[in-house]
Amino acid sequence: MEEPIRVGLIGAGQMGLWHARCLAHDIQQAELAAAADPDEDAARRAAALAPGARWSTSHEAILSDPSIRAVVIASPDGTHARIIEEAAQAGKDIFCEKPLATDLAEADAALAAVASHGIKLQVGFQRRFDPAYQRAREVIAAGELGPIELAVATTRDPLEAGRPGAGKNAAIFIQTTIHDLDSLRYLTGLEVVQVYANASYFGEASAEEDEVDTAAVILRFQTGALATITDSWRAAYGYDVQVEVMGPKGKIQVGSDRQTAVRHFDAQGVHHDHVYWYIDRFGQAYRREMEHFIECVARGVTPDVGGADARAAQALADAAARSLREGRPIDVPLPA
Amino acid sequence: MEEPIRVGLIGAGQMGLWHARCLAHDIQQAELAAAADPDEDAARRAAALAPGARWSTSHEAILSDPSIRAVVIASPDGTHARIIEEAAQAGKDIFCEKPLATDLAEADAALAAVASHGIKLQVGFQRRFDPAYQRAREVIAAGELGPIELAVATTRDPLEAGRPGAGKNAAIFIQTTIHDLDSLRYLTGLEVVQVYANASYFGEASAEEDEVDTAAVILRFQTGALATITDSWRAAYGYDVQVEVMGPKGKIQVGSDRQTAVRHFDAQGVHHDHVYWYIDRFGQAYRREMEHFIECVARGVTPDVGGADARAAQALADAAARSLREGRPIDVPLPA
Amino acid sequence: MEEPIRVGLIGAGQMGLWHARCLAHDIQQAELAAAADPDEDAARRAAALAPGARWSTSHEAILSDPSIRAVVIASPDGTHARIIEEAAQAGKDIFCEKPLATDLAEADAALAAVASHGIKLQVGFQRRFDPAYQRAREVIAAGELGPIELAVATTRDPLEAGRPGAGKNAAIFIQTTIHDLDSLRYLTGLEVVQVYANASYFGEASAEEDEVDTAAVILRFQTGALATITDSWRAAYGYDVQVEVMGPKGKIQVGSDRQTAVRHFDAQGVHHDHVYWYIDRFGQAYRREMEHFIECVARGVTPDVGGADARAAQALADAAARSLREGRPIDVPLPA
Amino acid sequence: MEEPIRVGLIGAGQMGLWHARCLAHDIQQAELAAAADPDEDAARRAAALAPGARWSTSHEAILSDPSIRAVVIASPDGTHARIIEEAAQAGKDIFCEKPLATDLAEADAALAAVASHGIKLQVGFQRRFDPAYQRAREVIAAGELGPIELAVATTRDPLEAGRPGAGKNAAIFIQTTIHDLDSLRYLTGLEVVQVYANASYFGEASAEEDEVDTAAVILRFQTGALATITDSWRAAYGYDVQVEVMGPKGKIQVGSDRQTAVRHFDAQGVHHDHVYWYIDRFGQAYRREMEHFIECVARGVTPDVGGADARAAQALADAAARSLREGRPIDVPLPA
């Protein structure tokens, strides 16, 4: 067995902890070397997953450790771009949770750092590693639906995710819609040329402007194909991610499943459960994206989901936010 | 048994023939008295369904027959408003297929005639008579979902429905989207205040301007609730009508079903059929809407789906067409 | 239009009333001429469905009316065989609800009368007229599953159907299991050579011997193919009829469906309804079997589901009852 | 972290390799210390999963290693009982794949050794660790269905599993049916008092007597409740394990799922995949049963699925085989 890739985790919240678990337990080629989080408990908990892993409250300790070859960034969204730049300067290969940045200018600065230091970057669009999405893309890429004409994407997060303030500045587009934007690009292989968005806020009273927890978007692709996206942070029934893509020969649907294969029949009808937690829907995809990253680092090849895809989705999320502010459809230039 | 209501059919195409069948065979209280269609064969075929029914190539014969109490209008869309006016003058109660008219001005003239002659008018929004839509509305009206926040409506017609020229002037909005507009109003009990639409044409080459066979719409309701509609006339796999409506306590989904309760498992996977023909999905609803109309005529009461609902949906379809032309969201006044 | 076939209904309970409705309203070629039932109200109610239909408390009035060409027998099971004989003597073509008789000897006497008077007989195995069963049979007959090896059939009637005394003498086999026996013969095209049955009673206290409301059966076909049947009269959740048939190339499944295409998602999971009433599952099949009968009478041809099939299913039901009594598998001779 | 439990694998075929993977990668508390298999390649492959694990072609090396605290037996069925006795003598705690033995006498000898040496024994009935089965049992145990009356269990293995000779001596009962027997006991909490079985062979020509690849069984429980089991080794469409359990208040169904959440709609209908490999259906359950075993070893407590359950299922499988030989139902004594 080759020497494992030593990885440092930056940001040990819920998502970071899951990545740490994959690195520590599931991926033989990786070694969780260190975990950093301003919350000491969080950093300690993540480091405890692997024998010998160190912890710190600052990510500088990770960046300055020459034995660490790659970092996983799962810190708050607003810190991603800056940490990418620092990690690139430190010569670390980078897996960064989406989004790349909070706006396109920041994203471009981060990507420039990645380019100039020649390091690998992968962005956390885990749906691309889900077998259902991959199967759907194969069907579409093989032309089994004909040229794509229409798509409908849905993401619903459980209700408790919506807290006053969390949705300010229409953050739903950059936090949630960005997954739908990326997966529609991934599935159809098409680029978007126009974005229209509308949104509302139904949460508890909030003093924030532009607080949003419910959004509807129409995309127009370069071919005239159309797509809608509806996103909500207020689903009582669980985590609900679906997409359907249609062409003149048929449609393909990636649906939401029961959590367990049980149905209960009684005098009131038929009842079954629903996936509630995003890890239950995409746990396998999170593990597979990390395996892909580690393998790319080990073999020195460029990850499948890198800066260009991250930037393209970011540009669309920015356009959605702008469409909401300006109340009109926004034209989007094709990616360079 | 009371004297049956004698009904004249105006327009004996596919939809008219189905209504004739319901009147002749299924509804005891009704009697198909006559059928008119410029196509003599069509008129004869419909009249042949009931013993003693007469046929003609012009609807004047029906309007001038004092023994006929009510008419069913299933002629081409562009003739609806004019025939409603004539039938109202002749004192006939009217069931008219949607849409009421091709634009709002025409619709208002027809409704004025209906009002001034004091006759009953019902419009063919058959989804309101489908048990699944009715059940969904009950759940929503009972507050089981909480205040509605988000809805997603889909209508897909089989591919052959799309012929060059049929979709000119963005007719998809008035022919197809109008069903989604009405059913969203019916289900949510809310009024729309803004409409944005985008559309494309993927059919065979067409010389027509504004030819459209694929559309995407965002609605904003008075409460801030949002809805998307995606419509296509190009479904290879059949007739596909779905809607889901969500509030903070849950969502309700009216789905498309298998045609027959058969699943075939083989080495390639699992296979089942799909509803192909709109009659197979809504046959019961078409019969029930006609029963409702006949009962309203017999009892002298106003039908549940009358001019106000028809006008409201028409106004939204008009706004969608205008949004497409002008490339911006269109504000819609609340119904009077 | 040809002269309609005048039909007399004998037995106007729930099932008879449904047949009367089909004859009166749905089948143009038939005319409900008369209805007989010892319960005068029931006879009147059925006759009221068709203008001019007469009623009586005795079926002799029907048999002696020369204008009546055919009868539908939906009287209690114990009277079927005798009325068939009388109707055959009177020269009427006969549609008889299953079972033909309460035992094989009685059945043979009835079939002898049918043969000697040269009249048409159809038996009420309506599943053969259900599109799902027909589709399944086509798939099997086309060899798409390969030679059949294994089948699983299920019938569950709603709980209230089980009343003390109703299940005496293991009547479940002749009343309910007979449908599964017939549909397995219909689907597979194979004959059964051995039957084993076990059964229990879970209803309220009953003084009857051999009271049964729950049964399990294994069939062995001539080819070595095996089938199980489980039947219950105690389903809280509705009417549940399913079958799956398997060969080396796959399996086909005829399933139970939702009543309405609605799903409700809430914090407890996902909920939908279940077919509750047998008419809701097989209403179309009941109408189609009656259309077939009337057409056979009109054209003078032998119905598809006649005496031989009725006798074969009866022989298997008898064998199941005997297996239960004797506690061992019973060999069954192949039909002549 | 406590000292991990060192485990030796005996039998490194497909199932053994899976257990090895769980021990090496997924269960922190366990350490795969050694792997033995007469096939050197198999032994090497399993040992390679864990750094430092040794391999051998004989299990004596494992039993004589005092640092090894527990063994996992996944060798051929006919060797289980003997190896259990040897491992018990060596003082190792034992996880043994089902079945315990090839007949009841052998099983009793193995259980006596386990008892006299005071070691822990867990048997590989992994369905008990599947969340769907566990949820179904909870519903039943909570009385939500009322007292159980009827159950239907199904196991279908993919076609290639059936090779000439594999099914001799009606081995299907001890290899496959035993899972259904155990899961019906687990779900209902009831004991079986009578077993009837029938079976056939549809595979390629075989010289073996009692070669069986398709079986149907009826169980009668102590309460009069009934169950059917149908098992086949010839499913073209994949791995298909289902059970439904019914009482007077409803039924609960554990079903087979799609492998991926994708549906493809085209002009031929709707298509989706089916679970094909048993690991894809029960991978989580295999991991969870092994976690349970390791935890029981670590804490010195008795595993949930031990000798008594293994013996009870074995007695029922033996009765099924005897019923097939003797052509009659076999009474089974209640477990001591």
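Chains: A, B, C and D, in written order; residue numbering restarts at 1 for each.
Basically, contacts are C-beta pairs under 8 Å (C-beta built on N, C-alpha and C of every residue); 3 or more make two chains touch, one makes a residue touch a chain.
Note that the coordinates shown come from a computational prediction; the quantities given were computed from them, not determined experimentally.
Asks: Work out the mean Cα position per chain and let me know which chain is farthest from chain C.
Replies: Chain centre farthest from chain C's centre: A.
Asks: Tally the contacting C-beta pairs at the A-C interface and at the C-D interface, and name the larger one.
Replies: Looking at A-C and C-D side by side, C-D shows more C-beta contacts.
Asks: I'd like to verify one number: the distance from the centre of chain C to the centre of chain D, where each centre is the average of its C-alpha atoms, in whole angstrom.
Replies: 41
Asks: In angstrom, rounded to a whole number, how far apart do the mean CA points of chain A and chain C lie?
Replies: Here chain A and chain C have centroids separated by 57 Å.
Asks: Scan chain B for residues touching two or more other chains and write them down.
Replies: 236-237, 249-251, 258, 265-267, 273, in rising order.
Asks: Using the touch definition from the top, list the residues of chain A that touch chain B in their complex.
Replies: Residues of chain A touching chain B: 147, 149-150, 152, 154, 156, 159, 194, 196, 198-202, 214-218, 220, 224-228, 230, 232, 234-237, 246, 248-251, 327-329.
Asks: Report the residues of chain C in contact with chain B in the complex, numbered from low to high.
Replies: For chain C paired with chain B, touching residues are 1, 25-26, 28, 51, 131-132, 135-136, 139, 144, 249-267, 273.
Asks: Write out the stretch or stretches of chain A touching chain C in their complex.
Replies: Going through chain A, the ones touching chain C are 236-238, 240, 258, 265-274.
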